[in-house]
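Note that subunit A is present in both complexes that follow, paired respectively with subunit B and with subunit C.
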Partner chain A sequence: MSVDTTLTPGRRVQALLHRRPALRLTGLLTPALVWLGLFYLVPLALLLATAFFDTNSFTGRITYGFSAKNVVDVLTTPAYLLTAARTVGAAAGVTALCVLLALPLATYMALVARERSRPILLALVLTPLWASYLVKVYAWRILLAPEGGLLGGASPGYGWFAVVLTLTYLWLPYMVLPVYAGISSMRGSYLEAAADLGARPWQAFRSVVMPMLAPAIAAGSVFTFSLSIGDYITVQLVGGTKQMLGNLVYANFSTDLPFAAAVALLPLLVMAAYLITIRRTGALSRL
Partner chain B sequence: MPSVARSVPVTPPQQAGETPAISLRGVRKEFPGGIVAVHDLDLDIAEGEFVTLLGPSGSGKTTVLRLIAGFEQPTAGTVLLRSRDVTAAPPFDRDVHTVFQDYALFPHLSVLRNVEYPLRIAKVPRAERRERALAALATVRLEALGDRSPAALSGGQRQRVALARALVNRPAVLLLDEPLGALDLKLREQMQIELKEIQRTSGITFVFVTHDQDEALTLADRTIVFSEGRVEQAGSAQEVYERPASAFVAGFVGTSNVLAGADARAVLGRDGSWSIRPEKITVTAADHTAPAGWTTAVGVVEELVYTGATTRCVVALEAGGVLSALLLNGGGNDLPTLARGQDVRLSWRPEHEIHLM
Partner chain C sequence: MPAGRIEWRRRPTALLREQEREIHMRCQTAVRSVALVGAIGLALAACGGGGVAAPVLDDSPPEATAYAGPVGQGEGALSVLAWPGYAEDGSTDRAVDWVTPFEQATGCQVTVKTFPTSAEAVQLFSTGEYDVISASGDASLRLVYGDRVQPVNTDLVPNYADILPDLKNKPWNTVGGKSYGIPHGRGANLLLYNLATHPTPPTSWSDMWETGSPAAGKISPYDDAIYIADAAVYLMAKRPELGITNPYALDQTQFDAAIALLQQQKAMAGEYWGDVVKQGQGLASGSLMEAQGWQLTANLANTGATSVGTTKPVEGATGWSDTWMIKKNTPHINCAYQWLNHIVSPEANAQVAEYFGEAPANPKSCALTKNPDHCAQYHAEDTGFWDNVYYWTTPIEQCIDGRRNVECIGYDDWVKAWSKLRSS
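After this line comes the complex of A and B, so read on.
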C-alpha cells in the first residue's frame, strides 16, 4: 500500500503552522505589535525626548540639545502645579460623581428591571456615545450659560464646577458599563446569602457589594479619570477662565513644543501613579 | 401489617407541650400572574427534627423554604419560628441560615473568611471568631483549606464550606435547598451520611429540599411530599414508601406500579387504584403454583433491565395491565434464564396491595 505524501503548498504551510505554535502566535501578534510600537511607543518616546529639548527664545526654533529647563520649570512653578492639582481634582470629582450615579442606575438595570427591558436600557446609556463630542459640549455650554442659558439664574456659570458636570455627563457610560457587568455577576444568591447570614442592607452593601464591585469600579474609573485628565476642549468651552493641563499643552504646542511636551509629562505621571495604585489594591487582576 | 410496624423510631411531628421550631399557619403564596405556588399550608416542624420537602420541580417546595428564610413574603398566613411571628421579618432578622443550591460563597473572601462572615456580622470578637470558624471547618474536614479562594475548590468542597458557614453561628434552623444536586453520585452519598451525622450531633433543625426520593428517604426523620403547592403526604420514610397516600406519591416515591379500573378488577377482583411495590412481587415460571393465599397473575415478559445488583422485569399481564417486578441478582435465583417473551407467573401477598385515595 502506498501512502500519498505529496502536499500542496497550502497544505504544507498549514502543516508547518500546526506543528509550530510559536510561529502561529508570531504571525498573529506581529501586526498589532508593529502598530503599537510605531504609532504608540515611538511617539511617546519622542514626546519624552522633546521635553528635554529647548527653544531659542529669539527665533522660536527648537534646539536639539539636552536641557532640563522645561521639566524643572513645570515641576517647580506653583501656577503649573496648581493647574495640575486642579486637573487631578476635576478628574477625581468626575470619577466620584460617575460612581455615585452609576451605582443606582446599574443596580436598577441589572437587578430590578425586567430582563426584556435590559438591552433597551443599555442602548439608552450608550446612545450619547454616538453623538458628536463637540455637539454635546456645546449643548452643555448653552445649558450652563450664566445669562440667557436654559438654567437661567440657577446656572453655576462657567468654571471648574461646570467642567466637572460636563465631563461627568460625557464619561458616565464608561462607568455604567463595567459597573453594570459587575452587578450582573451578583444575580446569584450572594445578596440573599448576606441577608440570610444576618447582614442588614447597609452591612451587605459594605461587606459584599462594594468588595465584589471594586474591580468594575476600578475599570470604569480608569476611563473616567484618564479621559478627564487629558481633556481640554470642554474646559475651553465651559471652564471660563479656568485652565487644566490639556489647555497648557494646547496653548504652547505650536509656539514652544518642548515646553508643551514637558507639561504633557504631568498627566502621564499622574496616570502612571493612578494605575500603579489601583494595581496595588489587586482590583485589576480580578477584572 | 407485619413488617411495616417494626419501623425505626420516628420523631413525632410535635411532641406534646414543646413549641415547634417552625410553624406555618394557613400559608399561601401567590406570584404575579395568578400562579399559586403554595396553597394554604399548615405545617409544624419539631425542634431537632430532620425534615425533607420532596417533590418535582414546580411543586412549591423551594417556595416553602424561601418563605421560612424570609426571601418571600406569604400572600396569606403566618410563619412562626420558635413561636415568634416572623411573617413580616426580613431574612437578617430570623435565626435561620440557608445552604444555597449554588452555594453563594463570597468570591472576594477566602474560605476561612467566608465561614467567619456571619460571626463578623454578629460582632463576635476576632479571636473567638477565628476559633469557631476553624472548628466549623473541621467538622466538614476542610480546616487545611482556610486560605484558599472559593474558586479554587471542587464542587464538593464548596458545598461543605457553605455548610460550615451556615452552621458556624448555630442557627435555630438550617435550610438546605437541593444542596447535593450538583455533586456526583458517590460524593452525594458520602455527603448524605455526613449531613445526617452533623444534624444528629448539632441537634439543629434541618429542612432539606430535594426532588430525589432516595435522598429524601435516606436523610429524613420525616418526609413531606409536595405536589402542585399542596402536601400530598407527610410521614416517615417507611410510611411514605410502604403506604403511599395517593397515586401521585406512589408514582413519585419509588417506581409506579399501579393497577386501576378494569385491570384492578380483573387481577385483584377489587375496584379503585392499587399500588404494588416491584420488590414485593415474586417471579416464577408460569406453570408454578403460587403459595396459598397469595395474589397471582400470569403474563409475558416485555422488558428486562439489568442494573447490576437488580434486574427489573416488566410483565404484561394476561388479565390486563403492566407490572414491574424487581429481582435481586443473588445466587439463589429461581429463574436464571429469564428472557423476553417468556411466560411467567407473578405473585405477591395481598397485604402489599395498597389502596390509593
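After this line comes the complex of A and C, so read on.
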C-alpha cells in the first residue's frame, strides 16, 4: 500500500482514525478508563481486599492472610448494624427534608419569580456552597448550643435532630438545582392543558407535575443521600454522643485498617442498593 | 500498685516467627502486584490459611542493640513526630520556639509532624517517615514490639542523669532491662468542672459515673478506647471486690464491669471529647458540667474569666508519661541523639512543660519556667501526687499486674469494645 507523502502528519493520523473506528474508540475511552481504573476501581478493590486481611492487634501491623473475621463481625454485631440503620435513617431524613424545602422554592424560582430575578435567586441558593463546610457546621454548633446558644431554651440541643437539620442546610442546594432544572424544562402549557381539562391545582400537581419531577428529585436525592451517608464531621460537632458509620471507620482506621475497611463496606452496599433503585426511575440518565 | 517488671516468657519460636514473617512478606508483595491488575482473589487464595494474629506479647521483643556512640556531627536533618505543643518551631506562635535554637546549634534541620491520638501516632510512625517520636505509654510498647524503634543508650544523653528517678526504668519505656527512650514529662487526666454550678469543689468522680447524677446530660468523657481505664480506676475504689490493681490489666469479669459502668455513663454523657478547645468552651459556657480532661484545657478556657476548675479526685486518675524514642535504622542517628538531649535539657523541658501544661521530667527546668510556681502546680517533684495516677499503658493479654492464672483483655478488644459502646 502506497502512502501519499504529501499528507501532513496530522492529516495522516486523521486518515488512520477514519479508517479504523476501533482505534478511534480506544483513543477516546482510554484516558477516562485509566482514570476510572486507577483512581476508582483499584482503590475499591484494595478496600475490598483489605477488609479480608487481619491486623496484629498489638503492633498494628497488617497480616496478609485471608480472614473473613472482620466482615462477619461487622455484619453480625447489632451495634454496628444499628449504627448503619441510624445513618441510613438520618440520610433519608435529610433527603426528605430537602425535597420538602426544595419543591416550593424551586417552583417559585422557576414559575412565579420574574424572569429577571431568576439568576439572582439561583445565585443566592448557590452562595452557601462558597463558604467553608467547617465554618457552616461550627455556626450551627453555636446556634444549637443547649446552654448559652442563640436559640436559648428553644434549642433542640445536640442529637439526631440537630444532625439532620445541619446536613439539610448543607446539602439543600444540591436538591434545589436539579428540581429547578426539572421544573424549568416543564412547559407551562402542560399545566394549562391540565387546567383546561378540569384538573384542580392539587390534582394537576399530583398527576402532571410529580411524575415529571420524579427523576429530578431522584437525581437530587443521590447527592443529598450519598453526601449524608458519608458525613462524619457534622455528627461530631452537633450530634452530642451520637455516631454515624463514618465515625466508626474513622475511630478504627488507625488501629485496625482491615476492620475499618469492613465497616466501610456497609455504606458501599447501601449506596449500591440505592443507586440501583434510583436507576429504575431513569433519573441517572437525566443527571 | 507498681505494675512490676514484666517477665516475658521466652519461647523457642524465633525460627518459626522468622518463617511466618517471610511468608507474609512474600504474600504482601504478591498481593500488591496482583492487586494492580485487579485479580485480588488469586492473591488471597495463594496466601490463604489462618490469618489470626499471633499473640506477640508472649514473645521477647525483637533483637536490637543501642547505638554505641559516640554522638558525632549531625547528619543535617531530623524528622520529628510529636504531640501538638511538644516540638514548637515558632510557626504556631513566634515566641514559642525551642526547635530553631536546636537547629542553629546542631545544624540538623527539623521537620515536625503532630498527631492527635496515640493510635494515630503508631500508624504514622509505622510509615518510617520519622526519626524520633514522643510516645505515650499506650504507644511505646506497641512500637517496641512492632520493631519500629531501637533501644536508647542513655549514656549518650547527658541530660538523662538529671531526670527524675520516678520516671526512669518503667514498663512503658524499658523492656528486658533495655531503655527504649528518654522520659519527657507527665500529667494526670483530671476532673474538670464548671465553677458556676459547683460552689464547693467536687472531690470524687462519682457524679460522672453514678446514676441520678446532678451533672447528667452535661458530662464529657474522653473519646478513646483508653478511657475504659478511667472506669477501671473508679471501680478500684468503688468495688474493691473486683480486685482490680492495675486499670490496664483487666480480666474478663473486670473488663465487663468497666464496660457496664461506661454504658451507665453513656446515658448521661453530653459529648465525648477529642478537642481541647471545644471541651473548654463547653465547660466555660455551662453546656458541660463535669469532664475528664487536661489541665491545658482549663488553662485555655480560663484565659478570660476563671470558669473551669480542676481536681484529681480521691479515687485517683489515669495519666500520661511520655517518652522520646528513636526509629530503628534511622539514617539520622546523631541528630536524633542530639534532639533527645536537647528536648530534656532544662531550657527546652521548661518551655514544653509550661506551653503544654504538664510536669517536666527534668527537675532542673523548674527554675527556668516563666511561672515560678509551675512545677509546684503540676506536682513535678511531689511523688506522692502520682501514687494514684495510672499512666497510659497498652493493655495486653498477659496481665501486666503480674497475675498469671488469668488472661487479660488485649488492646484490640479494648478498641472493639469501645467502638461497640459508642455505636450502641
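Here is the rule we use: the second predicted complex is superposed on the first by the 268 of 287 C-alpha atoms of A that agree within 3 Å, B and C clash if a C-alpha of one lies under 4 Å from a C-alpha of the other, contacts with A are read in each partner's own complex, and residues count from 1 in each chain.
Keep in mind that, in the parts below, a residue touches a chain if its C-beta (ideal position, glycine included) is under 8 Å from a C-beta of that chain, and two chains touch if they have at least 3 such contacts.
The structure presented is a predicted model; accordingly, all values stated were derived computationally and were not measured.
Look at subunit A after the overlay: subunit B and subunit C fit there side by side.
In the superposed model, A:S207 lies in contact with subunit B only, and not with subunit C. Residue contacts after overlaying the shared chain place A:L82 against subunit C, while subunit B stays out of touching range. Of the two partner chains placed around the shared chain by superposition, neither subunit B nor subunit C is touched by A:K136.
Contacts of A:Y158 after superposition: subunit C is touched, whereas subunit B is not reached. Judged by the touch definition given at the top, the superposed model places A:K69 against subunit C, while subunit B stays out of reach. By the touch criterion defined above, A:A145 lies against subunit C but remains apart from subunit B after alignment on the C-alpha atoms of chain A. Once the two complexes are laid over each other on the shared chain, residue contacts for A:A193 go to subunit B alone; subunit C is not touched.
Between subunit B and subunit C, C touches the greater number of residues of subunit A. When the shared chain is aligned, no partner comes close enough to touch A:R118: not subunit B, not subunit C.
For the pair subunit B and subunit C, the least inter-chain C-alpha distance in the overlaid model is 42 Å.
Against subunit C, in their complex, subunit A makes its touches with residues 41-42, 45-46, 48-49, 52-61, 63-67, 69, 77-80, 82-83, 145-149, 158, 236-237, 240-241, 243, 247-248, 251-252, 254-256, 259. On the subunit C side of its complex with subunit A, the touching residues are 24, 27-28, 31, 35-36, 38, 40, 43-45, 47-54, 56-57, 117, 119-120, 122-123, 126, 141-142, 145-148, 266, 269-272, 274, 278, 285-287, 394, 396, 410-413, 415-416, 418-424.
Listing the residues of subunit B that touch subunit A in their complex gives 69-71, 90-92, 96-98, 100-102, 104, 106-109, 117-118, 120-122, 165-166, 169. Considering their complex, residues 188-190, 192-200, 203, 207-208, 211-212, 214, 286 of subunit A touch subunit B.
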